[in-house]
Amino acid sequence: PFESKDARPWTGPSLSILLRDLRHIQNSKERSAKLFEWLIAPVAPKKFFSDIWEKTPALIRRHNSNYYKGFFSSEDFDRILREDHVNFGVNLDVTSYFDGEKETHTPTGRALPVVVWDFYKNGCSLRLMNPQAFSGTVWNILSILQESFGSMVGANIYLTPPGNQGFAPHYDDIEAFVIQLEGKKCWRVYDPRSNEEVLPGIPSRNFTQQEMGTPIMDTVLEAGDMLYFPRGFIHQANCLPEMYSLHITLSTYQRNTWGDLLHKLFPGALDLAIEDDVEFREGLPLDYLDYMGVQNSEREDDPRRESFNKKVYNLMRKLLKYAPIDAAVDQKAKDFIHDCLPPVLTKEELACTVYSAPARWRDGGPRNVVLQIRGSTRIRMLRSNIARLCGENGSILLYYTIENSRDYHKEEEKCIEIDPELADGVELLLCSYPQYIKVDSLPAGSLDDKISLAAALYEKGLLMTEYPLLPKRD
Amino acid sequence: PFESKDARPWTGPSLSILLRDLRHIQNSKERSAKLFEWLIAPVAPKKFFSDIWEKTPALIRRHNSNYYKGFFSSEDFDRILREDHVNFGVNLDVTSYFDGEKETHTPTGRALPVVVWDFYKNGCSLRLMNPQAFSGTVWNILSILQESFGSMVGANIYLTPPGNQGFAPHYDDIEAFVIQLEGKKCWRVYDPRSNEEVLPGIPSRNFTQQEMGTPIMDTVLEAGDMLYFPRGFIHQANCLPEMYSLHITLSTYQRNTWGDLLHKLFPGALDLAIEDDVEFREGLPLDYLDYMGVQNSEREDDPRRESFNKKVYNLMRKLLKYAPIDAAVDQKAKDFIHDCLPPVLTKEELACTVYSAPARWRDGGPRNVVLQIRGSTRIRMLRSNIARLCGENGSILLYYTIENSRDYHKEEEKCIEIDPELADGVELLLCSYPQYIKVDSLPAGSLDDKISLAAALYEKGLLMTEYPLLPKRD
Amino acid sequence: PFESKDARPWTGPSLSILLRDLRHIQNSKERSAKLFEWLIAPVAPKKFFSDIWEKTPALIRRHNSNYYKGFFSSEDFDRILREDHVNFGVNLDVTSYFDGEKETHTPTGRALPVVVWDFYKNGCSLRLMNPQAFSGTVWNILSILQESFGSMVGANIYLTPPGNQGFAPHYDDIEAFVIQLEGKKCWRVYDPRSNEEVLPGIPSRNFTQQEMGTPIMDTVLEAGDMLYFPRGFIHQANCLPEMYSLHITLSTYQRNTWGDLLHKLFPGALDLAIEDDVEFREGLPLDYLDYMGVQNSEREDDPRRESFNKKVYNLMRKLLKYAPIDAAVDQKAKDFIHDCLPPVLTKEELACTVYSAPARWRDGGPRNVVLQIRGSTRIRMLRSNIARLCGENGSILLYYTIENSRDYHKEEEKCIEIDPELADGVELLLCSYPQYIKVDSLPAGSLDDKISLAAALYEKGLLMTEYPLLPKRD
Amino acid sequence: PFESKDARPWTGPSLSILLRDLRHIQNSKERSAKLFEWLIAPVAPKKFFSDIWEKTPALIRRHNSNYYKGFFSSEDFDRILREDHVNFGVNLDVTSYFDGEKETHTPTGRALPVVVWDFYKNGCSLRLMNPQAFSGTVWNILSILQESFGSMVGANIYLTPPGNQGFAPHYDDIEAFVIQLEGKKCWRVYDPRSNEEVLPGIPSRNFTQQEMGTPIMDTVLEAGDMLYFPRGFIHQANCLPEMYSLHITLSTYQRNTWGDLLHKLFPGALDLAIEDDVEFREGLPLDYLDYMGVQNSEREDDPRRESFNKKVYNLMRKLLKYAPIDAAVDQKAKDFIHDCLPPVLTKEELACTVYSAPARWRDGGPRNVVLQIRGSTRIRMLRSNIARLCGENGSILLYYTIENSRDYHKEEEKCIEIDPELADGVELLLCSYPQYIKVDSLPAGSLDDKISLAAALYEKGLLMTEYPLLPKRD
């Protein structure tokens, strides 16, 4: 495991200043990179992704309890309970772990502070799920980070009273960034127990203390510190007797592996091959059941087996040339777009979108309804990852994130169908990001067509203009 | 039809003053009655329910365009589009009616002002469904009114451009109160077409102009006027060429008839009778298929038919004594509780509920968590209709409205199970409303039991204390 | 309980002679009555149905082990196992009952004699379900009897080795006729344990020996004897140490009570009343939730409760005049027709049906295809219960038994739609049974229409002609 | 296309003599080969499978109208209609084809001769589906042939009146053997219309006459002739004005291609690879959505695309070594076993199976129940394809055909679980076929274990003894 050694405090910009600065970065990818850099500083992202990511746990110690200030506080937790409709079971879990036994105490209904704090005082751990639905800052941070990962970034918040542990040892199926916000917590991390459990695709059951070996990391995380560990690394954490703990765990890369891509790739590849190459449509040998199958697997000397296997290998090899890799990536991309949080727009961005369009009801009727999109208007997508063009059953669909909910998948996936003649125009817009391009430079037929494409995407909230649009006088 | 004749303007308190005054009425039923009185003034509620309700349309003309001011305005409509997530199809419909043909133009996705106003400018009518989810005032008014009706009170808002009509003639399955908020609209109302269509249980299809007779009412509704008509009365409305219209229609008494109650009553009654009275469990006559059934219905002279019918009538008569009327009412009550909007609490009410409990996170831990409910604390339910005790399969369940959503049925129905030994305590609380009673006067075992019952209901947000609770020092 | 006292042997006609004689009885109802008379002789059916049926167990002792000879024998059992596809679990159960514990040993797959007999030799009881699917005689007897009962007649066969008992004490939900075919079995019958268990609608769980009182009957049934008991009477039976037992239990009147009819009657009655009488469509009182429902059930002095209840009783009484009794009977009749076994036709009947129509393929083509149904042809339905005319959603459907399967409900219910103009013709045919009527006396339009109606029913196998039809020369 | 040129009549053994002779062939594969040889004589099977099968239509003309005598006749058709329960729609279709339009006239319910022959006389074609359920000979022939093909062999029978055609031109997804039984029929066969329609996986829609080119075969098939064509070859057939036609079409190789095998192979292969090789579990590149997917497919010069594709190809190649080919074959085998007709056993075979076991009920009890399987008893499976050993989720299951229905998939698939310690014994039995082996030579623990394995398979009807078993005296 990696551990940052520096004993001096690490100071960086405060989160509020950082977020303010990020607003001036035009490219959402770049913005995301800067935020991630801050998140793991002083480790360099390049180093992180080459030496640590998916490989080994990393402890970044900062001796600076204010480093993550403003991210999320126990006061935020309290306020959310009072002001929002937090539901037990759906948004908040109550658990305890004593003598090697994890228990869940979550009741039903709305989680009101007086009830929640009573559990806490009685030694229960609280887990706030989906904090991005309640905290604008968490939402903003996650929605920025998802641009870097090409995979959903989620979060859970854990508040544990002094002397307690909320969960049994286990490993997860996601890359975890544990960000200590307040208090301290003692963490023990263990190697995956076998090769099969390296980078696993499903989370583990709860383990007993006997099932793990020696921890490869045993440390106390303090406010301002961060601990990363890849999926498969077993971990457990408990509070010291005298100090509570508040941390947020960011998670990403769930089901985002080569294997997941291949699962999307194969059925399509095989269908293409069958359609195109008659060899796949030829009948199996009349007698193959006589020498193939598990009951015949010991007939190693039967030359028909070898020839059958060769034929299969040969066809599998042929399949390579039918692999519709881009189409499989589109299926992953479409899932990603649906998983995404909707973007948090900056004031500057907002001013140039449909959300700030001047149309208003005034004096008995709507005014400023017609917008001045012209050939010379310069436009760009609102974010690098705000939308994705996918081919599906002969249609071209533009999937987008802007109408997603802050609650995971509470809205169905959203898309609009794109006229094939306009697909090049959309593609140009997607690829040009973050550059602005002029409406009349879109490859989309007549000027009217270009304007109407731009207007459609603008009205869906997918693109911004370089300057706020002026209304036509009406 | 009833028409108020007075040609002088009718002035009443403004809505904002009325709502302020209502806050000081302790009893939610009384509060509701006052609000309804204002809604239909100067017609007296007593007269309304004896002469008009479910019988005939009523036009209340006030010559006072400000009467309903503050209820909902076209500016509210505009603001909601900008600030809330209004979704086409779900919350907003776009329709037109030309040359006897109704058309729906509703697209999908979020309804942004620039798109909505464009439809409007092109002559389309807008219908905002479920405005209570977006407007606090509408929510407040409906949630107050539902206490009077014992039946869900819903609303739709209609905004129609000059010279247009949005809907074809039809009748509804609800009692309708059309409240003209801005502009004017020409209304024509027609008698039900037949006895079967008096107080119908399902809404009609769209009618052509030829299918109705002469309107029994043909009038121009102006801002400040109200038009009521019972279910079954056909109606249509269109804007005058020079003036737009904004109105809200309040609706109630959907599926709230004696027949609906009987549908809930019969299966249970029959099961009870079968269980208790062996006559219901006796076999049918061996030969009844020979003389009963439609193919034998002309054997009027067969005495066995008469005797068979007599036996059936006799059993039906016997059934009367098994009718579990209260249980059937409970089924209706349970549905009503689920249909209800959650109450809008006044500041004064709030101060005495769990929502204002002083528990807070401060200085590294929760403070003021333990509440001082004592035997002498005086409590009452928060609203007359906030909860309902129902027996179900041997359990006693308390269904409640407080965790309902402002969107219809977006939350499942909520209840808590009540220990049979505490049922009398809950019943006393429900019946004593609006009086406060002391915790130690609850018929519920020991003082600890009483306090814990009170605490459970308090923590669910179902009851209020006479004075804000003070925390125990912790 | 009733017990026949006569110590002398009772001899009647043998089953084979009886069945032969029954063939000459034209009326299927009469045929059925004769067979049932023989089944319970020397008890007279009139006495049986007035004093015993649904009231008390009856033991008919005959001192004549050959009385039921030919019904079903252990050799038949053996032959069926060899020649038919009897499936464990579906058609055959293997059980044992030792020390108050019932066990099921049924394996899966086809029940071959060598396996079945091995179970038997090891002390297991065998239950052959649905023997009518394997034995022509059982099928014939049941299909004749169902004409008497207007309710499905089913059967199970039990073969128990010496000294064993296959089932725990229990009661059933059917009227049971236990017919001892071979060997002997000791039976104990107990009164229903409470009024609620008199004529119950569902079968009981297994009882322990302690749960019943003293048997009201404790007797050894010998071959040729019969034991009847109504639903609700608990019973158990075991073999004597030295003698095996083979019996068949005939069952009928499952879910065939007044209560079952009323369950079909009420929803329709209420719908009719709601449609016709506006009083059912009127709204409930505004405040009924305040005084009705279980939480208000103790407000006995509230006059509104009394008036509410009166209103409900009044509506329930009104409902009587809307009771669509014939339509409810039709629903029962339709279920019965689906439950029925297909009829076993006698040679004489067959000769006059479509099944003996002379159409044959001969010399390269079909011959004798066109049938000579003329106006003067005399026809009748094949059986009293072979078909039933029911009104359904405005259509007139003729449900029939002839294409049912010998396995219960293996075929869906079958019907043909009848042109309303021909319904009177079908009705006349159904009512005239067992008389033949001339085709041209059918009330069905032109002679061609009459002939085509007759031909349609003839081709479906529902009617027979008085004499075999002659083909037209072709 | 291939056409046999010989103008002299071809005579072979009659079907009845052939089937008698086949009984003496011990090996079911050999038996099947002989029957197939007769079916296509004088073409040699070797030639057929090398030059014709799946490649080109073949016409075998024999000038011998008696060649297929005994297979199925129009008299059989007539008898089946009278004696069996043939159901319209399920077993029998009625169609016509006039002026390029195919019509279906099939009514519902049982198909009685008088109705069926009336359709026929009016010019309709009849198709008897699943004739193996009604004709013992067809069942026998198909069940023998399925041993050769390792794929279900099905059949339809077509009876067409003079001058008519029943079906529109189309192609099928099966290999078709058209066997002319009586009369004549004019056939036209056309090449597949494109490469994609060579050996297609799904049947075509109906074509119009304009959609095909020139027929590659246009001939009159006479009784005794056979016409074969592979899937994908379009065909149509009509009767000459003066002569009817009866033919049976045998079909096989539906969904039995390499592609079908690969569809079973891939998910398993990928799961194995993911489990075993961490490279499949590694995360996708952080930025892959930026250069992969259809919207990026034109970035041909981006080296990241090439490297991504290489990685995918590399993983696909790696997959080869995880391909669980035998397990995939087992899935196909299991489907085949379920598709199979149950075998028709010869008298000689029957005598040595459980179906002839001497256990009988006699003199009040079962006799000869215990069978004398000893260590020295010699046994073998009843047929080469009667059962198949498959591994599934860690269990070893023996799927078998013997309890299949003659109606396609009317019974669920049947199997018994095999104790892993006995799997070698079962495997030996399957592989030794057609040799007999001694029970004590089974590799299965103690002699008792061996006997009990043999008894279990014997009792399921899966194996036969060399000589009929003698019962133990009991």
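By letter and in written order, the chains are A, B, C and D; residue numbering begins at 1 in each of them.
Keep this in mind: a residue touches a chain if its C-beta (ideal position, glycine included) is under 8 Å from a C-beta of that chain, and two chains touch if they have at least 3 such contacts.
Keep in mind the model is a prediction, meaning the values are calculated, not measured.
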Give me the set of chains touching subunit A intersected with the set touching subunit D. none
Which chain has its C-alpha centroid at the greatest distance from the C-alpha centroid of subunit B? D
Copy-to-copy rotation for subunit B and subunit C - C-alpha atoms, rounded to a multiple of 5°: 180
Based only on mean CA positions, could you tell me how far subunit B sits from subunit C in angstrom? 50
Determine the centre-to-centre distance between subunit B and subunit D, using the mean Cα coordinates as centres, and give it in whole Å. 64
Measure off the straight-line distance from the CA centroid of subunit A to the CA centroid of subunit B, and report it in whole Å. 42
Hey, what residues on subunit D touch two or more of the other chains? none
What chain-chain pairs meet the touch criterion? A-B, A-D, B-C, C-D
So, in the complex, the side of subunit D touching subunit A is made of residues 49, 53-54, 148-151, 175, 195-196, 198-201, 253, 256-263, 265-267, 270, 273-276, 278-284, 286-290, 292-298, 308-309, 311-313, 315-317, 319-320, 323, 325-327, 329-330, 332-333, 336, 384-385, 388-391, 427, 430-431
For the complex, give me every residue of subunit A touching subunit B. 74-75, 77-78, 82, 85, 109-110, 112-115, 117-118, 120-121, 182-183, 244, 354-355, 357, 359-361, 364-366, 369-371, 403, 414, 416, 459-461
